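The same subunit A turns up in both complexes below, where it pairs with subunit B and then with subunit C.
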Partner chain A sequence: MTAPLLAIHGLQAAYGKIVALKGVDIEIRPREIVALIGANGAGKSTLMMSVFGRPRARAGRIEFDGHDITDLSTHDIARMRIAQSPEGRRIFPRMSVAENLQMGADATEGSEAERRASLDRVMALFPRLKERLTQRGGTLSGGEQQMLAIGRALMSRPRLLMLDEPSLGLAPLIAKQIFEAIRTLNKQDGLAVLIVEQNANHALRLAHRGYVLVNGLITLSGTGTELLQRPEVRAAYLEGGRH
Partner chain B sequence: MAYFSQQLINGLVLGSIYGLIAIGYTMVYGIVGMINFAHGDIFMIGGFVALITFLILVSIGLTFVPVILLLVLLVAMAMTALYGWSVERIAYRPLRHSFRLAPMLSAIGMSFALTNFAQVAQGARVKPVPPIVTGGYSLFERDGFVVQLSNIQIIVVITTLVLLALFTWLVSRTRLGRDMRACEQDQTMAALLGVDVDRTISMTFVIGAALAAVAGMMYLLYYGLVDFFMGFVAGIKAFTAAVLGGIGSLPGAMLGGLSIGLIETMWSAYFSVEYKDVAAFSILIVVLIFLPTGLLGRPEVEKV
Partner chain C sequence: MATAPKTATATIDNGRSQSGFAAALKKALLSALVALVLFSLMIGVRTEAGSTGQLIYWTRFTELAGVVAAVFAGSLILELLRSWLGPFDAAGLIPASAEQPLKTAQRLFPLALLAFTLVFPVIFYDQRYILDLGILVLTYVMLGWGLNVVVGLAGLLDLGYVAFYAVGAYSYALLATTFGLSFWICLPLAGILAAFWGVLLGFPVLRLKGDYLAIVTLAFGEIIRLVLINWQSLTGGPNGITGVPRPSFFGIPLTPGDDGFAARFGLEFSPTHRVVFLYYLILALALLTNWVTIRLRRLPIGRAWEAMREDEVACRALGINITTTKLTAFATGAMFGGFAGAFFATRQGFISPESFTFHESALVLAIVVLGGMGSQLGVALAALVMIGGFELFRDFEQYRMLVFGLAMVALMVWRPRGLVGHREATVFLHHRTEISAELSREGRG
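The block that comes next holds the complex of A and B.
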């Protein structure tokens, strides 16, 4: 078994007095797609953000590629080439699409050739963005903003890509394209992906492994297919499970 | 017409100085959402640093005016930028995650501290300097009134234009400018993209202070004097300019500065000098009633 790329041990995190994570252990190995599923408010987005120290871990340890990153500042963590397409997309509304993408590229040191290659890849993935390059981020439709958020994350040539609900607000066809794109990036470049999805069916089919998060605790884990067959997963998240 | 042209020139020069200060207010408001009440005093510090540098350069025997001006400009910008950086570090950064009014109260305190520091260190008297830049041009004459354009007025306007061009390039084209805009729009996301938010905020204060220093130096050259209290009124005027132009908007700050400068000059010329401040602030009130976000401001959109 290879050493994990991201290892989270006993992570606890809170917003003020509201405890969102109560001791979470998860691992993402290199070249692996991991799905995190759970109901609204289970702590999925908090888990993703706390990898970046927002909020800071109250207890526990976060390691990336063997380095303890628990107490690093958010920007230093980002510069280790962990990228996130966060909840709510968080596009810079008063920057052009091109500048939004450049912000992603700025996150990591890279040559001009590497930047070009990343841009070409993102343009190939989301041709729609190509037509919108000079347009302001805030004027894009929800789906386009989602593409931009994912594209921006990819521009930093991440080693670990974290996607918070990438299919939210997208037409089913485009959602499918995005899942397809994630699979391709994973197969071709060996990109490790942590994906949070309401659409558990899609996510678990895509993922090698998955975790189920309930009220700030991991209650189940296993391979994607295993989880898909568990009756409790089916009942809660698949069969009419979109609360 | 001749009289009006003369007032137009005077107003634009005064407005340039206000505009340079107003940029500092609007930049800081955009990025950290606070009014830096000490910014007027940073302008005053800039004036004093310019004066001291000037006296030192003259006392070591430098006589070539363009070189003196350039050196004074650079030293004033650098020293005042250091003040701006320190003020943010000491008085605002520790309070950034406190309640919203805390940094503003701290800014008012910092304003008093700087005013009194200058008074104690430099004395309470007005410090005059002999005219450094003299001469000018007579543009035209009508009805016995000669329209004058002095060399110092030309220097003020050209320096302002050059700085504005540089500054616009910095904000719109460079990595630092992009980082500043990113922090202004979403600090958390900027950090997630590897932007050092603290450093970017520091740089915002540094740039704002450097521009205020230039304004301070121009004030010194134009009016031939500085005093420890000059930051108060100029600061409030420039703040008014920033609000008039639309707080948070960089072109707005310059437009607001020019408007305040022109209103003040025209009012003094045609009505009464005593009421020039009343005129400027009254127009501000009228504009804010009809355009609550200022001339070029954008409406505050509630984040979801």
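The block that comes next holds the complex of A and C.
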């Protein structure tokens, strides 16, 4: 077994008195897609954000590529080439698509050639963005904004990409395109991906492995197909609405 | 061929304006009612103190009726115009054939404006008042451009900008009067000191945003002013500092003496020389501010400012250090404020805390907001309109706030994003390809 790229041990995090994570252990190995599923308020986004130090871990350890990053500041963590497409996309609405993408590359060191290469990669993945380079970010459709958020994250040539609900509020066809792009990135570029999703079906089929988060604790883990077959997963996240 | 669709739209418009009329009438009645309540005491009843101090009052119902009727009519006309014209759409109003020349004109306008400012002292050489007004406008253009870095680009609402203006002015005045340093040495020092104070303000407000930030900066501006008033031994208190040295033309004083500017260059002495020199000095300082801002916007730091204005959380996640980004914005804005302050001190020859009240902060902020946050041209135009406008209406002292208020309302209705609300992009990752709209117009796309 290869050494994990991101290893989280006993992570606890809280917003004031409200404890959101109660001791979470997660591993993401290189070239792996890991899905984190769970209901609303289970702590999925908190887990992703606390890797970035917001909120800061109360207890536990976060290691990236063997380095302890638990107490690093958010921007230093990002500069270790962990990128994220945050919840709600959070693109820069008044800036052009090109500027949004450039922002992704600004903080990480890299040559002009590398920047150009990652730009070409983003354009190849999301040809729609290419047509819209001079347009303001805020004028894009929801799906395009999601593409832009992922593209912006990719501009820093990340080693780990974390996506928070990339399919939220998107038409099924667009969501499928986004998932397809993530699969391509993983297959062709060997990018490790952590994907946080409510859409468990999609996420688990895409992922190599998955974790189920309930009330701040990991209750289940396994390969994507294993989890898809577990009756408790099916009941809670796949067929829940139909019963 | 063209008439058929036109009649069709005309019918639709008629239908809309029918229902629109009732709505407009309702709105106008509402406005009239508000006006009635408001003005019933303000205009309807006139009070005065009698000869023995008793209250005399009489009613003026005709005037009241007149004002309310005017409000009603005005509101009705405005609403009807709005519903007839539909949502304001510039694309529909400008014929396609005029678009290209209009774009060229838009591009050339700033250049023409710059050329005009360059020859301005030549044109108005004999009109001292106009020259002084030009200097005043340029001072506010510079202050506006400086504050624009903080408010327009970085999105940090700063209500205490005058503090840095004051720091710059006092830095120059004190350094020049106590140590006898020349303007050209003091100018960078004033900028550095102001930038230092900018960082000092920046630290405590790092975590604040929006309203809270505004309140703290407002307090900061007041603190600086109060310190200036009360630290008598250093600043001279309310009496200010007199005899602030005038600037020299790179070491040559602009005085009537033998070694003065006029004598050296074989000219007849004229006090206008100094005014013209001051004009070009502030113009150069303002253009420097503009140039630096434009350059910075194209660099990662400027981009980070704008991105921070849009979304701080996203910035952090992209590896942007918000602390340094905020502090550099404060420091850069403050530095330009400091330069302007030093200029102000050397121009006036006398400074006192009275010149650095909240009123100045508000005025500069109004210039930035009216100009369209972040737009350099907009800020310049807003400074021209506001400062120039104030001067134009100087003879109608009583009415100028009224006109100012009306202009503000009109601007907010028609141009809610400011005079120049358009934001120029700074990154072009690829060269622009042929615009697809042009292809589609030809039926190819």
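Going forward, the second predicted complex is superposed on the first by the 239 of 243 C-alpha atoms of A that agree within 3 Å, B and C clash if a C-alpha of one lies under 4 Å from a C-alpha of the other, contacts with A are read in each partner's own complex, and residues count from 1 in each chain.
The rule is simple: a residue touches a chain if its C-beta (ideal position, glycine included) is under 8 Å from a C-beta of that chain, and two chains touch if they have at least 3 such contacts.
In this text the structure is predicted, and so the values were computed from the model without any measurement.
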Fit-or-clash call for subunit B and subunit C when the two complexes are aligned on subunit A: clash
Subunit B versus subunit C as contact partner of A:Gln145, first or second or both or neither: neither
Touched partner set for A:Ser96, first subunit B, second subunit C, both or neither: second
Touching partner for A:Ser45 - first (subunit B), second (subunit C), both, neither: neither
Residues of subunit A touched, compared between subunit B and subunit C (which is higher): C
Which superposed partner A:Asn199 touches (first subunit B, second subunit C, both, neither): neither
Subunit B versus subunit C as contact partner of A:Thr134, first or second or both or neither: second
First (subunit B), second (subunit C), both or neither touched by A:Leu119: second
First, second, both or neither for A:Ser167, with subunit B first and subunit C second: neither
Partner chain in contact with A:Arg79 - subunit B first, subunit C second, else both or neither: both
Clash-bearing segment of subunit C relative to subunit B, given 4-12, 94-102 or 166-174: 166-174
Overlapping contact positions on subunit A, where the subunit C interface meets the subunit B interface: 52, 54, 73-75, 78-79, 84, 86, 90, 92-95, 99, 102-104, 106-108, 152, 156
Subunit A partner contacts - residues on subunit B that touch it in the complex: 175, 178-179, 181-182, 185-186, 188-197, 304
Subunit B contact footprint on subunit A (complex, rising order): 52, 54, 73-75, 78-79, 84, 86, 88, 90, 92-95, 99, 102-104, 106-108, 152, 156
Subunit C contact footprint on subunit A (complex, rising order): 52, 54, 73-76, 78-79, 83-84, 86, 90-96, 98-99, 101-104, 106-108, 119, 130-131, 133-134, 136, 152-153, 156
In the complex with subunit A, residue positions of subunit C that touch it: 300, 303-304, 306-307, 309-311, 313-322, 423, 425-430, 432, 436
